[in-house]
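Each of the two complexes below includes subunit A, the first together with subunit B, the second together with subunit C.
Moving on, here comes the complex of A and B:
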């Protein structure tokens, strides 16, 4: 009896084993970056970078780019397979780029396949390219790393200081959530380098063709989340400027009467250190207070402008609607959405300069 | 086993010389060249017979023959008083005569052909001196190991446990060899049920020649088909003495320089006795390192196969180019690559054990440098796997008990196979299978996975971790000892008071 059971069990093992698909490491092409562009006529062009390490020699990595034009993403992948020696697999994708023309039409159709595919990780980055995604994907990277790693690290590095979280998971949450709109990094090719141009703003899955410049990314991040890094250059005048470096920033939203006459107050507290300054004597405490007051005035104005811009475009990237819903009983979404473009939003900024470096 | 049971009747008849006839027995003895029988001191003297090879010639000359030549011929009864040796027997029981002569006694008859005889024990003890433990060597601690002589071994234990409660039950096992076997335990501590179990199992042993304790171990163990040993094989008297006082039992066999210890949990196979020679926090850390080494040793190459074959997604980004470039030139799929390399390591290990020590060092050179480097250069195996397999082999050498290191050596192969069939899922499946087996195992009736399952927090004090001696107040619970308290008084709470009043 036992032997019979064992035979049956072993039979299951060996018979079904034939059905499991193997993906042996060297017999697949691992896609690192994919770019999608609109080529008119309802078609998209997919460009994929596959890095091919040279066998036997470490660090000697060659890059191979394949292209395909098709109606949808999966079909493009199929067509790419026509040119490749091994199947292209997407399990290690690090970044997906979308051309800005495509992004304006809405990304849902082109993100959807990655959303469903269990092979694709949730931590892959999405980004919009100013111009054609193809150009960026085809760029030769300068550092000796695979292109995927390089772009991945570029974005990851900036998420700490100037960019909000932009991975697939966050995008999907913001895109499908109510009272919240996604943002994605806007990339460009400048002087033969890949560069972050700013933060692209979305209304649901559609790019509204407006972006926050890279320098102001810090301000956007301050409005959006608590974080501990980054720095911002404050211009006093044409000549003089100073650089505050963030030690700890806290943001707090306060929403009152969301269902009738909504009012929003955003309190931002920044603890910063001041390491570079022109035109002031830091050894006197009065001066530091003066700098604080001035910085608050300048930055506060910028933040106000940013929020007003969001309201004008009727987008909600800092998720005020989402927050209001979580704090209000019987939240009336329609009313909120109608009120949003012209409701009063105050930004209270409080800057505290806690370090001025080594004096004397 | 069935084979031998069938043979039982014939076997016994052939080997157990149950001849009732004294003459028959004598004839059998005389057929051997080393059996001497002669008249002493003269033609009318006693008839003396013994196995030349079994007796101590010096003792015979000084304490037997010297006495016989100086005294007049007397009846055996009176002679017994003249010879100054202990345990002299006068008997005509044929079985006793046979046994004692075969264990090195001299037989003295009043005249040739008498059935009554005097048996004087004069056994020649050929034994090795106690030496340094080899397979369980520790840097700190005693450097004595058991030898082949049971009496010496008992001496080593009795010296360490000078109490009358230390009891040694003696058995004879093996229908031909009639080897002496001793079950050691401390009465009043040990759970009598365990002693009974062992006694019964030893009684059930059916085999002709038992030459080593490992035979006994395989015959009395709970699950005879399990790859996991359930009885620890130790060569350290200090180890045996210390577990005896914990409430375990020891089994020793004449002619075997090892003792069996039981019941055990799986964790006791990963704990070296040296853990107790160090301060508890160091001991604990090393024990945990060893546990990690086991897991690493079992899982490293199967994980490699699973990941390379199925799950390229989990490889860290920075490692990816390195792995691809080292895998790229290899003509085999990962599973073959791994089996080739694991096989090579097993060959090396096996060869190193068989070779004499002087030649053995060449194996290291051949294996490490020639085969290792050449295999990578030739593109047979990838250097990443080479490193993993070598590390796994190294990790398996950290096992303090030889038997379990063999198990770990072999248990990788089913895991490799499972990894090839189903990837990580296969590994999980195989682990579940092994875990089920471990949960079912028992060692002399005690759960093998204790204290993990059944969960007993008390016993964690000396399992995965080792707490200081002051915390070892109770004996392990799974032994169900008759006296569970180890330290009578509550140990003084630290040395809060200074020794000298200042």
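Moving on, here comes the complex of A and C:
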């Protein structure tokens, strides 16, 4: 009896293997970054960087680029397979780029497959390219940096200081949600390098062709979330400036009468330290109060401008609508959306310089 | 008629604590969030608590049912005592069918998860056979083995519950507000939908004779349900905070999608580990279902339990193969959910009241 059972069990094990597609590391090409561009006629061009393990060598991975033109993302993948020796597999994708022309038409059609496919993770980044995604993807192969992928690490380190969270989940969260609009990093190729140009602003899944410049990314982050890093330059006079570094920043939204005539107050508290001061008198300690007041005035104005810009374009990247919904019973979304472009939004900024470094 | 099993086959009262979540937490938890969020939105967690507390009341009812009559220590005896042999056995057969279809749902849904998330081309027949052979070897081991397996299953998957930590990093707890923004009706409808996830406690009516010091076990049964509830509650709250409502409503497997977020340096796709480990949670489920069905058959027809197990497993195998697409499986799940709702919310109170009336009438007779 026992032998019989064992035979049945073993038989099952051997037969099951028939149904499973094997994916052996040497027999697949692992896609690392991929870019999509609009090529007119409702077609897109997909460009993918795959890493090709070199047999017999250690730690030396060659990168190759393949391209294909098709109507949708997965068909482009299929087209690429016409050129590749092994199937291209998307399980380790780290960044997906979209050219700005494609992004203006709306991204949802080209994000859907990454949302749907169980093989794709949730921690991959999405980004918009100023110009053609193809150029940036091709640049990546020239910037060989092992291990890892250059752009992926570039975005990852900037998320700590100048970029909001931009992974696939955050994008999907903002795209599905009412009262939120997504933001994605805007990249460009400049002087043979890949750099972040700023934060691309979206109305739902459509890029509105406006962005927050890279250096103001810190301000956007201050408005959007609580965080601990980053620094910002305050223009002191024509030739002098002061640099403060963020130790801890807290933001709090306060929305009153969201269903009648909404008022929004955004309280921002920054605890900062002094990084750099120009044009000061060596014999005296710096006047912390003066710097605080000046910084509050300059930054406050910038934050106000940023919020007004959001309202003018009728976008809500800091999710005020979503916040209002979670604080209001029987929230009237239509009314909110109608009021949003011209409702009063006050930004109260409080900067506290808690230290001046190791000198006074 | 054998009512009291040999003491060597009995379990301590304490183990009822593990049998409760052992049967209740199964495949449902992988995606229950979507179903109840569709009804109650961000207030869905309230429904989880309410339905959990209702189940506590039903367990109290079950214990009342079991102790009242002479020798009515399991469902078969209760039915025969209340309705006579023929009608009573008809009810028993309905319960046998119910336990079988629960087992079918669990095994087929789990295989669907494997098909969608891991191997689309997997041979369903072979996978079913492997799992059913395992089920056979466990069920024929007896009830003690199943109890132990429920405990071990819970211990093995326990680390998976801690993975909730990863989505917490991106959670927006503001999503939970404003509390109670949905109507009472919406929350109750969500409660109803939540029942399939608590189904399984009624097995108590079958394995009650196997408990040593039965009177002391009620406490553990209640704690077991509270434990199940807390697991569901945490999953619900975290998915409300992590996903946007609109996003959650479109996700078939919200809890499984959490595992995608897990970012460990040595595993790129953690859900592969999770789904594989989850077999240890699903197997006790199926085993207990099959055991309950075969035990009831043995009590009703007086046949050998082992033969009945083989029969039940072949029924499961065939029906598992017949359910093919996601829509069919979804339809079957909904059907079982309805039947489960009927059994829990209508049948148990009905039989409870009926028994009270019958015993009152009997006691008036000289």
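By our rule, the second predicted complex is superposed on the first by the 335 of 360 C-alpha atoms of A that agree within 3 Å, B and C clash if a C-alpha of one lies under 4 Å from a C-alpha of the other, contacts with A are read in each partner's own complex, and residues count from 1 in each chain.
Following the convention adopted for this analysis, contacts are C-beta pairs under 8 Å (C-beta built on N, C-alpha and C of every residue); 3 or more make two chains touch, one makes a residue touch a chain.
No experiment lies behind these values; they were computed from the predicted model shown.
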| item | value |
| --- | --- |
| Touching partner for A:5 - first (subunit B), second (subunit C), both, neither | second |
| Partner chain in contact with A:47 - subunit B first, subunit C second, else both or neither | neither |
| Which of subunit B and subunit C A:246 touches, first, second, both or neither | neither |
| Touched partner set for A:26, first subunit B, second subunit C, both or neither | first |
| Partner chain(s) touched by A:172 [first = subunit B, second = subunit C, both, neither] | second |
| Which superposed partner A:121 touches (first subunit B, second subunit C, both, neither) | both |
| Touched partner set for A:183, first subunit B, second subunit C, both or neither | neither |
| Touching partner for A:92 - first (subunit B), second (subunit C), both, neither | both |
| Which superposed partner A:323 touches (first subunit B, second subunit C, both, neither) | second |
| Touching both subunit C and subunit B, counted on subunit A across the two superposed complexes | 13, 20, 91-92, 119, 121 |
| List of subunit C residues in touch with subunit A within their complex | 42, 116-119, 121-123, 126-127, 129-130, 133, 137, 170, 174-178, 181, 243-247, 250, 257, 260-261, 263, 268-269, 271 |
| Subunit B - residues contacting subunit A, complex | 308-310, 312-313, 315, 317-318, 320-330, 333-334, 379, 421-423 |
| Subunit C contact footprint on subunit A (complex, rising order) | 5, 8-9, 12-13, 15-16, 18-21, 91-92, 118-119, 121-123, 165, 169-170, 172-174, 176-178, 180, 322-323, 326-330 |
| In the complex with subunit B, residue positions of subunit A that touch it | 13-14, 17, 20, 22-26, 28, 30, 51, 53-61, 89, 91-92, 94, 119, 121, 146, 148-149, 152 |
